[in-house]
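Chain nomenclature is as follows: A, B and C, assigned in order of appearance, with residue numbering initiated at 1 for each chain independently.
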Amino acid sequence: MPSNIPQAPSNAILRLQARRDKISQLAANEIKTKIESLKARPDYKIEYSYFLDLLSAPLASRLAAINKPAVAFLCQVAPLELIEAHGLHPYRLFGGHHASERLSAPNLPAVMCPMLRSLLGHLMTLDLGGDDSFKALIIPTMCDWTVKFDSLSNLCGLKLPKVHLMDPSRVKNSPQAPKRWLGETSSLNKFLESLSGRKIGPRELSRAIETYQEAYLGFSQLIDLKRKLRLPQIWFSVIASSFYLDTVQNWTKAVKGLLAALCLKDKIETNDGHNKKSQNVFLAGSPIFFPNFKMLDLLEEAGLMVVIDDLCSSERLLPGPVFITDHSFYGLLTALSQRYHLGCLCPTFADHHHAVNKFTNIFINPIFKGIIFHVLKGCHLFDLKSLAVEPNVKELGIKFLRVETDYAKEDANTLLTRLEAFGSSLGVA
Amino acid sequence: MTIRMLRLISQHVFFFILTFSGRLGISLGPSLPCLSCPYVTGCGGVCYLRMLQSPMGGLGMNLAVLFTQRGLQALAAFGLFVVLVALFGQSWCGWTCPFGLLQDYAARLRNKLRIREAILSDRAMFTIKIFKCIFFVYLLIIPVLITLGLAHSDLTLPYCAICPVKLIMPLITGDPTYLNLDFTNSVLLTESVVLIVFSGLVLVGMFFKTRFFCLICPMSLLISLFRPIFLLRLIKEPAACLGCGNCRRVCPTTIDKSAPLSNDLKLSTKHIDAVRGFAKSCQGCFNCAQCCSTEGSLGIKFGPKVIFRASRSYAAKLLKRKSFH
Amino acid sequence: MITIGIDLGSTAIKMALVDNGQLRWSGRRPTAPGQERLAQELIDRAMDELNLKGSDIEGIAATGYGKKLLTTANSLVDEISANALGLHHLSCGQGRVIINVGGQDLKVIRLDADGKIVDFRMNDKCAAGTGRFFEQVARILDIEVESFGALSDAPDEPVELNSTCAVFAESEIVSLLARGASPASVIKGFHISLARRVASLVGSAAATASDFEIWLDGGPSQDRGFRAALEDELMCSVSVLKAPQYTVAFGAALYKALDLALPK
């Protein structure tokens, strides 16, 4: 039978296409509604519109506007600076739409990370092979779901571009771990060389590091504002979620503009909401991605202010300052790989004690009154971490609430009850 | 003003004082806990190791001399040395030592050329540190043996004779005196050959490994013996550490203050050293405390008072100044 | 000082009128559309029966899932805090663990000696083991929920009921009945399986508890068979209030009274 004759698409394919279109419309509406509700907030500022615009644009047009080939990745233990140095744009894949889950769920395990389920659904609505899509996918295999991401996407009928897997030595404490991760980083470098078709030297890498450190400086100031209750978590998460959607330079510029605006307000209003009575909490656990801000909305509704968080979608977005004393290519790569790997507090790593320290650190304690631990159903690692952290935290007299949920809104009421009760157990409301 | 800036200023000021100010008649005395070499013409102070080896005021001194004025002077010099060490601990190495600054510039040159730093294996580190002990024992024993008549009298100031600082520092000031072989007798010839070879090795070493000489410096060992009485010390709050390893990467002698090395929660020896004050090969530069971006994990204490605590904002400040870039 | 607490729950609206810390009136009615009107009718009834004027009421606090629907309420309080406050007072400060079986949720609240909440747990999205389950079983057996306690006094051996899920239990119970199991044995089996689920939520808190520290609360706690099964499962004594369905409403009223008494 000749195969080169184009055949009319069968009814099944048309129906599938219609379903895709319907769900991508639903997902687009989810974003639109969220953006509108954000714009309607009394604390909305014109400087936020840059970040909201990034989030509301369709991914393909966003990536096309960046003018660099995009390389997607799943978890940020892969040094972004290395991707940047190769003249590529690192783009973190994440799933935040509840609607997209409906597209992928029939093909996937019943109990599964909602974030990746949503992501797979989202990818199903995209044209992955196209020029305005990403060239390759880098997967640091941080959890069972990411290590199987390739086969999960096969189940969903996705054809991923080139996939590069990285093995994060999960026993971070062993003396071999940093060496292994450096090896993984070097092979990532080789992979990127094959993508970009050129080798890079210490100068390119150095420049990329400086670009990211500049971004971190702005980001760090945003964290400062959040600690002082001048920047609500919702806006912080908006800014963090949009990090990958533009060049780092543009994003940094916008953050600086926002900082200037927020600090200007600071001078006019002496008492700018720094409320001693507010219930300050530490938000930890599974990441929270735009547009699914269910937890953040509920926290606000319950009157809880997030002053510090430990989410890899928020404050752990950038690994922090990278100080370099060896400026050779090897030295830069070592510093980067260690900074990303050793500094990562993901519960995938075997040693819990450094991650626990973040919760019990007596030097940051006074600013928060309790810890809310967000666990996405199906995320075993954070589930386990919450159990490991709880006794340590309670021993110090810090209140702790574990909240297990997913992207669906059906449990909003009971979650709110819990959050409110937690708030009133923290002290004067 | 960051601690790092203060340190750079201090290093340069001391370099000029200790190397040149003798010409202006300024001298900081014979008890300095850093390598201020008296073989540099016009030096502004003398390394205490010299006093320690000399028959005039050190271990080789006759007991009869001890109770004369000279003996009292020697005791006073020792007392002053102890006080100076107690006050600033191993920071003498990182903040004042002229030879230390020279090594820092060698590292800077290496970085300019984007040449990678040599990584010494734990075993190599151990071997090198054995040399440090050998030098130390050598400089303590020989003067005593000379006094007892058991060693050749030309071995006076045994360590100074082979110390690379003796050759390199005068060379820096344009004085190549010690770059010659001394054919007077076999002892002096051997010493001068060792000096030249050793200096050559150190010059190469300090280019490829930051502060290479500090790993074998007997002064660093002598100072570290007084660790229990240090007033200025590094402190570490193990319960705050997030293990990012920033401290280790900026440490000139690669001391890891971040992670207990064993898999259980017991602290490694290095870790305990960091908790207690300084590790033995610490230079007291406090790069680690400054680059630690975890609130309160590392800090600096003087006596009972905490004078610095690591914080995210301080690390950001360093970043802004591109202090380590 | 007279305050009113209204608990707008998923199955019933409960109201308590508190005068100087004492419960003076309580009433309830099933939840139906128009919750605000139903709640208002309860208030009116109480005022009629007690001969009170609108100005006598110093404050109304609403709690429960529907609390935001009640526009006349001048305070809102979450039901966990209200429950803790109410039970702390009604148990004369003895209660340390509250097991509240609500219409569609299950709560375990731990208190300290001052009645402050130490910790609490709730069932997740699933309504297994809640009041809804009681109604479900009553419907299948075609008997009243109120008669469960009396039925469980019968000497019948309990059946083994594997499911606490209201949906799956239905088919299981139907097939048990078809195989000739008596309603009493089904109810006993139901009590045991429910007690197991509740016990798993209580966790280790019960192990060290002494008498009058563990309190069963909420409507279904009037079922003495369930209480006995729970005591058996937890291996300690479990206390019940006389009118457990009003604890939360009472707590809310008390919350309002305390709120008003506090200097602003």
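Definition applied: a residue touches a chain if its C-beta (ideal position, glycine included) is under 8 Å from a C-beta of that chain, and two chains touch if they have at least 3 such contacts.
Everything quoted here is computed from the prediction, not taken from an experiment.
Enquirer: Highest contact-pair count belongs to which two chains?
Expert: A-B
Enquirer: Which chain's C-alpha centroid is most distant from that of chain A?
Expert: Farthest chain from chain A, going by C-alpha centroids: B.
Enquirer: Can you tell me which chain is nearest the middle of the complex, judged by mean CA position?
Expert: Chain A is the most central one.
Enquirer: So what's the Cα centroid distance for chain A and chain C, whole Å?
Expert: The mean C-alpha positions of chain A and chain C differ by 41 Å.
Enquirer: Nearest whole angstrom, what separates the Cα centre of chain A from the Cα centre of chain B?
Expert: Their C-alpha centroids are separated by 46 Å.
Enquirer: Chain B to chain C: how many Å between their CA centres?
Expert: A distance of 73 Å separates the two centres.
Enquirer: What residues of chain A sit close enough to touch chain C in their complex?
Expert: That would be residues 404, 410-411, 413-414, 417-418, 420-421, 423-425 of chain A.
Enquirer: Report the residues of chain A in contact with chain B in the complex, numbered from low to high.
Expert: 171-175, 178, 201-203, 206, 209-210, 213, 216-217, 220-221, 223-224, 319-321, 323-331, 334-335, 338-339, 342-343, 345, 351, 353-355, 357-358, 360-364
Enquirer: For chain B, which residues count as touching chain A in their complex?
Expert: 107, 111-112, 114-117, 210, 237, 239-246, 249-250, 252, 258-263, 265, 291, 293-296, 309, 312-313, 315-316, 318-320, 322-325
Enquirer: Of all residues in chain C, which touch chain A in the complex?
Expert: Chain C reaches chain A through residues 65, 77-81, 105, 116-118, 120, 122, 124-125.
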